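Okay, so subunit A shows up in both of these, paired with subunit B first and subunit C after.
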Partner chain A sequence: MSTLEFVGFTAAVLLLYYLVPRRAQSAVLLAANVFYCLSAGLLCLLSVIGVTTAAFCSSVKIERAAAKEHATPQERAVTKEHATPQERAVTKERATPQERKKSRRTLVFGLVFTLSSLVLVKLFSLLESASVLFRESEGGTLGLAFYSLSASGYLIDLYRGKIRREKSFLKLFIFVGFFPCIRLGPISRYSQLSPQLNKPHAPVWENIVSGAIRMLWGYFKKLVVADTALVAVRAIVAEPQKYGGGYIFFLIILYSVAIYADFTGGIDIALGASRMLDISLAENFDRPFSSESVREYWKRWHITLGAYFTDYVFYPLSISRPMRAISKRLRKSKYKKIGKKMPVYIALVFTWFLTGAWHGLSPNFILWGLSNAAVIIAAQELSPLSARFHQKHPTVNNNAVWRLFCVVRTFLIIGAIRIFDLWGNALTTPRAIASIFFDARGWKDLFGGGFLSLGLSLPEWIALAVGVALIFAVSKLDFKKDGKMRNIVTRRPLLTMLVIVALVSATAIFGSYGVGFDESSFIYSQF
Partner chain B sequence: MRKKRIFSIVFALALLGAILAFFSRLLMPKHVSMVREGALVGEYYIEADEGREHQILFLGDCEAYGCFIPAIIWEASGLTSYVRGSPAARVWQSYYLLLDTLEYEKPDVVVLSVFALCHGDAQSEAYNRLALDGMRLSKNKINAVKASMSEDEILISYIFPLLRYHSRWSELRREDIDYLFAREAVSHNGYLFESGSRAPDTEQSPEELFDYSLPDRAIEYLDKIRLCCEERGIALVLVKSPTQSGHYWWYDEWDARVREYAERYRLDYYNLIGSEEIGIDGGDYADGVHLNFLGAEKTSRYFGKVLKEKYFPSAAPHGEETKRVWKDKLDKYYIERNKFSEGEK
Partner chain C sequence: MNELVKILSSMHPEIDFSVHHDLLDEGILDSIDIVTLVGEIDEVYGIQVPLEEITPENFSSVEAIYQMIERLRGQ
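On to the complex of A and B.
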C-alpha cells in the first residue's frame, strides 16, 4: 500500500469502525486485517493465518501444561470457581518433574511451529543482498518478523500462566495480524492489546485528532527526513572506494538520522492509526539519542523488541540450570570473580546473537549484534574504572558538558556499529570506519562541498536540517506521553487543525515520494 | 465545542486547499523557456474560453504541431484551425483530446496525423505528462490518463499535480514566479515555432522491423475517433506529414495498412512524403527529423488549399471579428518569424 492508499484505507476503516454497532467492531478489524494483508499479496495473508494457526493449535496443549505446572493450591482454589470442568481436571494436582519436562517440550514445539516460517524466510533472505538499502521489497513476508514474535510471546505468556488461552481463532487472528502494527510493530503483548481489541469503542475527538497528528508526524519523519537522508546514504554506500574518511563519519550521522526518522516515523503511523481506533499500542522509543550509554540506548530504542528478548531469552537463559551450573563451577575454581558474571555475559552474547539474526542471518547482521554485546560487556568491565573516576570527581556527573560528551559518544558508537546494516560484505564496515582516521582526502573533499555530490542540492540539505531540528524539538516537547503539549494541541480545535494543515502541506511539498521513490518501503520492514 | 470543531475543520480544509493549490501552481513546470511542448495542450483553453471556434482541428504528435501552421493556413486558404498535438502523443490521447475539444466547439474537419498509429504503448511517463497535464480536469482527462498510465503511475497525481511536481521546490526558477498566475501562449494556435536547420541524414537507412502490423490498440482508438466524427457529422482526414528520416521512417507496409483502412471506411488519406507540390528539401528540416518553420509553411500552404478545395469549396466568408482576430494571429506569427530571420542575418 502506498502512503495515500494507507491513509485512505485507515480513513475507511475508521469510518466503518465507528458506524457499525459496537459489537461488530471486531468484525471490522478482522476485515481490515484481511484486506491489508491481501494488499501485500495472498502469501502475506496466508503467512499471518499460518502463524495464527500455529499459535492457536499449540496454545491448547500449552495451556493445559501450564495449568499443571503453575497452579499453586491457592491459585487453584481461586480459579476453581470459574474454571471449566476440563480446567478443574488439569489443575487437580501440581506437576511432577516429568510433566514439567513434557510441558516445556510442548512450549518448545509450539514456538518452533510458530517461528518456523520466520526462520525459513531469514534463511532464504541469505540469497538476497545483505544490505538494507539494496534488498528487494519485503512482499509476501511483510511484517513476519514482528507478528511471529507477538504470536510466540503469546505462547510463552500462556505457558507462564500470565494469560488465559484465546479460545476464538478469529480473535487471535485479530491480535496477531492487527493491521497498524503488522508491518513494523510494535511487537505487542497479548495481555496488553487483546482486551482492547475485543471491547467496544466510542469515537472520541481527542483520540481521533491526536492519532491523526501522530500519523501525519510519522509521515513527515519518513518522507521529509528519512527518505531524503537516504538519498545521500545510498550515494555513499554505493561507492565505498570513492567515499571514505569524512564521508564515513558523515554517513554514521546521516544513517542514524535516517533510520531513526524511518523507524520512529513508521511506528508513529502505527500508533496514530491505532489511537484513532481508541486502541493504545506500546511505545517503541523513548528519545534514544539522549542516552548516555549503549545499555541505556537499547532500553530506549525498539523497546518492544528489547523487552521481548529480555523477557523471553535473556532472563530465562541467565537463570537456566546450565548457566547456574557454569557459574557454580567457576566460582569454585580460580576464576571466582568471573563466575558470577559469566551466566549473564553468555546470555547477553546469545541474546545479541539472536537479535542480530532477527535482523538477518548474514554475517554483517550477526557482527552487528555481537558488536553491541561486546560494547555492553566492555562497559560493564570498565565500570569499576568509571566508578573510581566519579569518586574522584563527584561533580562531573551533573556537568552538562560531561553529559553531552556521553550522549555524543553513545550516538557515535551506536552509529558506527549500525552501519554494518549497509554493506553486505561485513568486512567493508570496519574498513570504512578505519578510513575515518586515515583518509584525509575524504575529509577535505567533504568540506570542499563534496556533500553536494551526494544526490541532494543545497536547498534539500537545508530542508533536511530543518526537518531534523523539528524532530529534535518535538521529541524534547515529549508530545507522545500524555503531557501538556498534547493536551494544549488537541483541546484547541483550531490549533489542532492548523497543526494538521502544516504537517500535510510540509509533507506534500518537501516529502520524497512519487516517481523514483518507494515511499511505502521502510528499512525495518526488511528485517 | 461542537460548533468550534466544525468551524475548525471547514477552515482547515479551505486553508489546506488554498495552500496546496498555490503550491501546485507554483511547482508545475511552466514550459515557457524550456520544454515548450508541454504548454501546447493547455493553451487551447485560451481560445476555448474566448469562444473561438475552428473549421479544422489537427490532432497528433510532433508531426501535427510541427507541420501545420494555422496562421499560414488562414493566410493561404482563409480557413480557421487549431492544432491539438503534443510530443509522442498516442492515438488514445488524440481521441480524448478530440472529445475534450468537442466540449467547447465542433470543427468541420478533423485531421489526424497517422504516425502515432505505429505505437501501441505510451512512450514514457514524462511524455504522458506533456500530453495530459495541460488538459482541464474532466471525465475526458481522467479517461485519457487511465488509457495512458504505465504501471508505476497513479491517477491521483494527474488530478493533484503537486504529488508529481512537489520535488521541484528545490529547483524553482524565475519563470515559475513570473508565470504563476498569467502567461502568454508559446504556440501559434498549437503550432510550435521551430527554427533550426539541419537536413536529414540520407545515408541512414530505416531499421528492419520484425512485425509491420499496426498495434491493435492504436487501431481501436482510430476506430473510436472515426465513429466519434461520424456521429457528429465531422469529416475525418488522415494525413502523413512530409517528414521522413531514419528513426522516424514511415514504412510502406504501414502506409498500405492505413490506406486500406481509409478505403474501407471511405476516408481521405494524404501521404505527403515526397510531395512535389510541397517541395520539401533538406533546408526545411529543423534537426534532421522535424520540419522547421520553412517546411511547415510549405506544408501548411499546400495542405490548407487541399482542405479548402475538398471540404470548404463554397464556405461562407468569415465575419469581421474573425478576420481581425486571425489578422492578429498572422501578425504575431510573422513577428516571431521575422525575429528569427533577423537573428539569423
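On to the complex of A and C.
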C-alpha cells in the first residue's frame, strides 16, 4: 500500500468505525485487518491467519496446563490479571513436578508452533542480500517479525497466569493482525491492547486531530528526512573502496539519522492511526539519542522489542535453575566474582544473539547483536573505574559539557555498531571503521565538497539539515509526555490547520517519491 | 533493610537510596541491576526470588523490595 493509499485507507476505516453501531466496531477492525493484509498479498493474510491459528490452538492446551499448575478453579479466579504476586506464588506450590513439566512442555510446543514461520523466513532470508539497503520487502512475510512476537507473548503471559485465554478466534485475529502494527510494530501486549480493541469507542475530536498530526509528522520524517538521507547512505555503501575515512564517519551520522527518522516515522504513523481510532499503543521510543550510555540507549530505542526480550528471554534465562546452581557453586569457590556476574553476562550474550537473529540470521546481524552485548559488558566491567573517577570529581555529572560528551560518545558507538546493517559481508564494517582513522584522503575529499557527489544536490542537503533540526526541536518539546504542548496544538483550530498545512506542504515539496518510495520501503519492515 | 540498602549502594554508589522512591521510572535500576540484585538477595538472605516476583511493583523502591523479601521469607 503506497503512502497515499494508506492515508485513504485509514480515512475510510475511521469513517466506517465511527458511523457503524458501537458494537460493530470490532467487525470494522476485523475487515480493515483483512483488507490491509490482502493489499500486501494473499500470503500475508494467510500468514497472519496461520500465526493466529497456531496461538489459538496452543492457548487451549496452555490454559488447561497452566490452570493445573497455578490453582484450583476457585483459586484461579484470583490468579489472573489482578492477583497479587503472593497469591500467585501460593497457588503455584500446588502443582506437582510432573504437572509443571507438562505445563512447560505445552508452552514450548505452542511457541514452536507460533514462531516456526518466523524462523523459517529468517532461514530463507540467508539466501538474500544481508544488507538492509538491498533486500526486497516480501509482501507475504510483511510484519511477521512483529506480529508473531505479539502472538508468542500472548502465550507466555497465558502460561504465567497473567491473562485469560481469548475464547474468540476472531478477537485474537484482531489483536494479532491489528493493521496499524502489522508492518513495524510496536510489539503489543495482549493485556494492554486487546481490552481496547473489544470495547466501544466514541469519536473524540482531540484524538482524531492529534492522531492525524502524528501521522503527518511520521510521513514528514520518513519521506523528507529518512529517504533523502538514504540516497547518500546508499551511494557510500555501494562503493566502500571509494568512500573511506571521513565518508564512513559521515555515514555513521547519516545512517543514524536515516534509521531514526525511518523507524520513528513509521511508528508515528502507526500510533497516529490507532490514536484516531481511540486506541493507545505502547510508545516505542523515548528520545534515544539523548542517552548517556549504550545501556540507557537500549531502554529508549525500540522499547517494545527490548521489553519483549527482557521479559521473555533475559529474566527467565538469568534466574533459571541451572544458572542459579552454577552461580551458587562458583560463589562458594575462589571464583566468587565470576559467579556473581555469570548469570547476567551469559543471559546478556544470549539475548543479544537472539536480538541479532531477529534482525537476520546472516553474520552481520549476529555480529551487530554480539557487539552490543560486548559494549554493555565492557561498560559494566569498567564501572569501578568510572565510580572512582566520579568520586574524585563528584560534580562532573552536573556538568553540561561532560553530559554532552557522554551523549555524543553513545551516539557514535551505537552508530558505528549499527553500520553492520549495511554490508552483507560482515568484515566490510570493521574495515570501513578502521579507515576513519587511517584514510586521510577520504577526509580531505569529503571536506573538499565530496558530499555533493553522493546523489544529493546542495538544496537537498539543506532541506535534509533543516528537517533534522526540526526533528531535534520537536523531540526537545516532547509532545508525547507533555500533554500541555499537545493541547496547545490540538485545541486551537487555527494552529492545528497551520501545522497540518505546513506538514503536508513540506512533505509534498521536499519528500522523496517515485518507485520504491512506498510504505513497504521502511527499513524495519524487512526484519 | 540496612543490608538491602548496602547491596543497592554497592551497585550504585552515586545514588542516595533514602531519597529516591521510584527506582524504575527514574531509570536507577534496569534489568541488569534487577538480576544482579536477585543474585545478591539469594546470597545474603538465602531467598530465591521466583520469576513471577520480578514485576515493576516489587522493584519500584527499597521498601517494595524489602517487603517482597519479607513475604518470601515468610513462605
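Following the convention adopted for this analysis, the second predicted complex is superposed on the first by the 498 of 527 C-alpha atoms of A that agree within 3 Å, B and C clash if a C-alpha of one lies under 4 Å from a C-alpha of the other, contacts with A are read in each partner's own complex, and residues count from 1 in each chain.
What we mean here is this: a contact is a pair of C-beta atoms (placed from the backbone, for glycine too) under 8 Å apart; a residue touches a chain by one contact, two chains touch by 3 or more.
Keep in mind the model is a prediction, meaning the values are calculated, not measured.
Asks: Of the two partner chains, subunit B (first) and subunit C (second), which one does A:A202 touch, if any: first, second, both, or neither?
Replies: neither
Asks: For A:A463 in the superposed arrangement: first (subunit B), second (subunit C), both or neither?
Replies: first
Asks: Looking at subunit A, does subunit C or subunit B touch more of its residues?
Replies: Greater contact footprint in residues on subunit A: C.
Asks: Could you look at A:S327 and tell me whether it touches subunit B, subunit C, both or neither (first, second, both, neither)?
Replies: Second partner only, subunit C.
Asks: Is A:F510 contacted by the first partner subunit B, the second partner subunit C, both or neither?
Replies: First partner only, subunit B.
Asks: In the superposed arrangement, does A:L494 touch subunit B (first), subunit C (second), both or neither?
Replies: In the superposition, A:L494 contacts subunit B only.
Asks: When the two structures are overlaid on chain A, which partner does A:A400 contact: first (subunit B), second (subunit C), both, or neither?
Replies: neither
Asks: Hey, which residues of subunit B end up touching subunit A in the complex?
Replies: Touch list, subunit B to subunit A: 1, 4-5, 7-9, 11-12, 15-16, 19-20, 23, 27, 125, 152-154, 156-157, 162-164, 166-167, 169-171.
Asks: Help me check something: in the complex, which residues belonging to subunit A touch subunit B?
Replies: Within the complex, subunit A touches subunit B at residues 2, 4, 205, 457, 459-460, 463, 493-494, 496-498, 500-501, 504-505, 508-515.
Asks: Please give the residue numbers of subunit C that touch subunit A in the complex, ascending.
Replies: Residues in contact with subunit A: 13-14, 27, 30-32, 34-36, 38-40, 42-43, 48-55, 57-58, 68, 71-72, 75.
Asks: Using the touch definition from the top, list the residues of subunit A that touch subunit C in their complex.
Replies: 85-86, 88-90, 92, 160-161, 295-296, 299, 310, 314-316, 318-319, 324, 327-328, 331, 340, 343-344, 347-348, 376, 380, 387, 390-391, 397
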